[in-house]
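After the structure tokens below, expect a handful of questions from me.
Chain IDs A, B, C and D follow the sequence of writing; residue 1 opens each chain.
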Amino acid sequence: MNTSFAKEPDLGVEIAGIKMKNPVMTASGTFGFGELYTDFFPLDQLGAVVVKGVTREARAGNPPPRLVETPSGLLNAIGLENPGVDKVIAEYLPPLAGCGAPVIVNIAGNTAEDYCYVAEKLSECPVVSGLEINISCPNVKAGGLAFGSRADLASDVVRQIRAATALPLIVKLSPNVTDIVEIALAVEEAGADALTLVNTLLGMAIDIKKRKPRLANITGGLSGPAMKPVALRMVWQVSQQVKIPVIGLGGIVTAADALEFIMAGASAVAIGTGQFINPCCCVEVAEGLNAYCLTHGIKRISDLIGVAWKE
Amino acid sequence: MNTSFAKEPDLGVEIAGIKMKNPVMTASGTFGFGELYTDFFPLDQLGAVVVKGVTREARAGNPPPRLVETPSGLLNAIGLENPGVDKVIAEYLPPLAGCGAPVIVNIAGNTAEDYCYVAEKLSECPVVSGLEINISCPNVKAGGLAFGSRADLASDVVRQIRAATALPLIVKLSPNVTDIVEIALAVEEAGADALTLVNTLLGMAIDIKKRKPRLANITGGLSGPAMKPVALRMVWQVSQQVKIPVIGLGGIVTAADALEFIMAGASAVAIGTGQFINPCCCVEVAEGLNAYCLTHGIKRISDLIGVAWKE
Amino acid sequence: MKYHIPRAPVRAQIKTREAYLLTFEAPEIAQEAKPGQFVHIKTAKGSDPLLRRPLSICRALPAEGLVVVWYQAVGRGTALMTELMAWDEVDVVGPLGRGFDTEIAGEKVYLIGGGVGLAPLIFLGQKLAGANEITLFGGAKNAGLLETAQDLSALPAFWATEDGSLGHRGLVTELLKQSLEKEKPARFYSCGPHGMLAEVARLARAQNIPLQVSLESAMACGVGACLGCSCDKGSGREGYLKVCKDGPVFWDTEVNL
Amino acid sequence: MKYHIPRAPVRAQIKTREAYLLTFEAPEIAQEAKPGQFVHIKTAKGSDPLLRRPLSICRALPAEGLVVVWYQAVGRGTALMTELMAWDEVDVVGPLGRGFDTEIAGEKVYLIGGGVGLAPLIFLGQKLAGANEITLFGGAKNAGLLETAQDLSALPAFWATEDGSLGHRGLVTELLKQSLEKEKPARFYSCGPHGMLAEVARLARAQNIPLQVSLESAMACGVGACLGCSCDKGSGREGYLKVCKDGPVFWDTEVNL
């Protein structure tokens, strides 16, 4: 929280008990383990660092091609490439100690047991401030149906993780559902401390020369400005129904985008694809929020949360 | 069907028994009743003309603002403004007689009875070649839940319309669902002759100056290139599961976009927002398809349908 | 007739104070354009910004096949347009919309414009000038835009600026009110910010002077197809008008000012 | 150190036959760039095309603070770049990636490039030239690109074109094979189309000559964050390498050619 000048706006927010100096976080899978953008800005400029999705076992990820550019968007099918939780704990998280921002680890799995295993392991790491649960993964016991696609599956996995860890639990929802509010309420009830909205939209692209899908994985997740209207609508819908805070993301590139999410009800925002376009995106958005508050006489950024439906 | 030169490719396709000289149709709600783009090209250049959504009663539509531009996309909340089925039949459809392209009327309603009423009325119009059923509308008897959001609601309304008319029935699905294949199979089983995939993605935008939603209606439908990856994925998924033909749309602007949809499994394509960007879009896409077939030695465009998963 | 000219050659782009004057070659549009009609311009090569931007035709030179628009760079689309230079090409659709009613002769008429709202009035003034006695009332924040209007139009004019840098210090409607104390014109034509139009409409109604206004709205298709540019009919009448097709020029009695 | 220079002044853009030479001011990049590294350039003002485009650094002039890239307009992003002119600004990130290994002296080395794949080799040749005996092998469809390469590099060179318009008619690897019959260099460096790299690798392995190649891949972040630019490790080894961070330059033993 900024206390240096009486007139400087207070950008601080608190999510799931995690205190952040500003509401700008990184999006999982787009910032590695925090080591890659340090030439562009120090991590202590961030509200929080959310690291790449971590699974029980190491994963090599999908074969290439893994990326396709689409109009104002990006399709990715990385396939959760990560070194596995043990190596993450041993090698990737320790450098983050003392980085000046809370560290949130995104976790993924194909069974509730896998999630719980990873959550328990990470609970023993003092550097970890919270867990973000990616429930867009296929549930092998439910025939590959994504955990996040049905309220019962989502609620079940969250309940089990809740029992396995005392860390703050942030549940990241999939936008590929008929009724996001239903899923949000189910995971809130199952013990989530906060929600992240949203993961990527399922999409694809075809190479008309090869007459085949462009991604080796066939489908991929759409991120970036193209998806912003959908993500924003979901934040708007969910934040009015749940009591826990919502982290908004999907296509944020500018401070104006971030303000849209905050006014729609997000207590914080995250930036993924935006970092690829501008490697200083997160800090520039945080500075932009500060400038907006100064110009508009907003004392606390938290006063703006949900104003579009509160006022 | 083109029979002028032996070597000219055959762009003809047949959808729900409706013969089209090429696979390029207009998208409902973006082409009025066919009267607005005649300075740019004659209607007989089109595979089919799909007209604005028609309801039982006349509707004034939503208050302005109704449009917001988003990155590579367009949010609209028109609110089904239309003169009502009686006036449409009396004044808007007659000029389309002899236009040289099959006329498909898109219909909408808030109860199954409304849909059936409109379908019955239109069945008496010789100018109408088929009906496209927009099931993205809220079902007032199901608490405003969209017909297209649940397989049972969708199947029920289609079954009733099927009983009310002998016209070819094309059902237009909403992309805002967890499992588009489930809905597609349900409406196929209920008697649909073809499917249109997809309607707009539900989205919104906020005016950070006013701190309010930009659209008077709060949410709107996202169309245009931004949504193309999502629409294409749904065409890919559905066309492999159903036996009836699929009309693909969502973000088509070029012949290459149209080819992606056709290779993903669409038997025809429709263009909406693309017409706003280029008032000659439909014919240029049709010409582009012709050129592609010529260059690549494709004799019949229909040979390309679904090649991305068939080969 | 409407035309799509995907590669209209740019002949000149001049940065004036506060705005830009873009001249491009579009013989069909130059030939058929009526004052009050607009062109719809694609500003980006890619799909962001996606939509065309509507700009009033400020001058049409049928003999040379040239069209001139006068615009301010207010956002991303118009900012991209400022990069156009002679030899570039611009993607234009037009002429679109219903223009001003020009079936008037031998009358005293007032043209009242605010800011770049003067653009269609310059074209209109040219058209009406021979057969009518015209007075132009131009208002703006400062002298910048008005100096360009002076260059573009030779009509007798009154000018008002908010900062007093040209003509009357204050609102153009104050000048209008003064004039109305002396004479009663047969018709008003107006284009500009909403507040100005409302005040012009109030003055017109008070004296029963017929008024035509040119309105703005966000647009997608520009031809009446998307039903997106609707505006209220006013006077509690149900339903909406389409700015792009029913307008952009309306009689003040048709709309809500 | 990597830098983001959102408004690097463009100093010159020259249309050469078949390609473009773009020179911009980016002192930090010019200072620290190593041959084989690339810059990542934003091509559109809007968000379409969304991603930056990777381009090898063809020349770095630390004293003048200038960086030169040499690129072909193959798609929408590079087409937008061709519009850049002196006085414009370009949004650049760099230098990125692992460059060529330049810890070599007193040796005979071959640089083998195909098309604009010659770009990083020109920078590399300059760096290695004093301390080593270098031969450049350049191949292309026709003389166009190679004439520019001749202008940019003073190295002793063999040229091959598919249409015979310059040097040997045929593939550059045919020239390479002929040379290898006469001498055995200490190292190969290569960049170009996949087919050419595969043939160069075959020749290198046959004679046990160490080879470094510069690879391409679609990229999003360019810094190792998105894990999107992966390439096979080859030899059946599990897992992937990141072209942007582990490369773009690899030893041929590290990857699958």
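Everything below uses one rule, namely that a contact is a pair of C-beta atoms (placed from the backbone, for glycine too) under 8 Å apart; a residue touches a chain by one contact, two chains touch by 3 or more.
No experiment lies behind these values; they were computed from the predicted model shown.
Set against the C-alpha centre of chain B, every other chain centre is closer than that of D. Work out the mean CA point of chain A and of chain C, and you get 47 Å between them.
Chain A and chain D have Cα centroids lying 36 Å from one another. Within chain B, residues 68, 70-73, 224-226 each touch two or more of the remaining chains. In chain C, the residues that reach two or more other chains under the touch definition are 46-49. Contact topology of the protein chains: fully connected, every pair of chains touching. Of all residues in chain C, only 44-49, 76, 79-80 touch chain D in the complex they form.
Chain contact summary for the complex, chain A toward chain C: residues 71-72, 225.
Within the complex, the chain A residues that touch chain B are 68, 70-73, 75, 149-150, 176-179, 201-206, 208, 211-213, 218-220, 222, 224-230, 232-233, 236, 251, 256, 259-260, 263-264, 292, 304, 307-308, 311.
Those residues of chain B that touch chain C in the complex are listed here as 29-32, 36-37, 39-40, 52, 60-61, 63-74, 76, 78, 81, 224-226, 253, 273, 275-280. Those residues of chain D that touch chain A in the complex are listed here as 1-4, 6, 42, 46-52, 93, 217-232, 238-240, 245.
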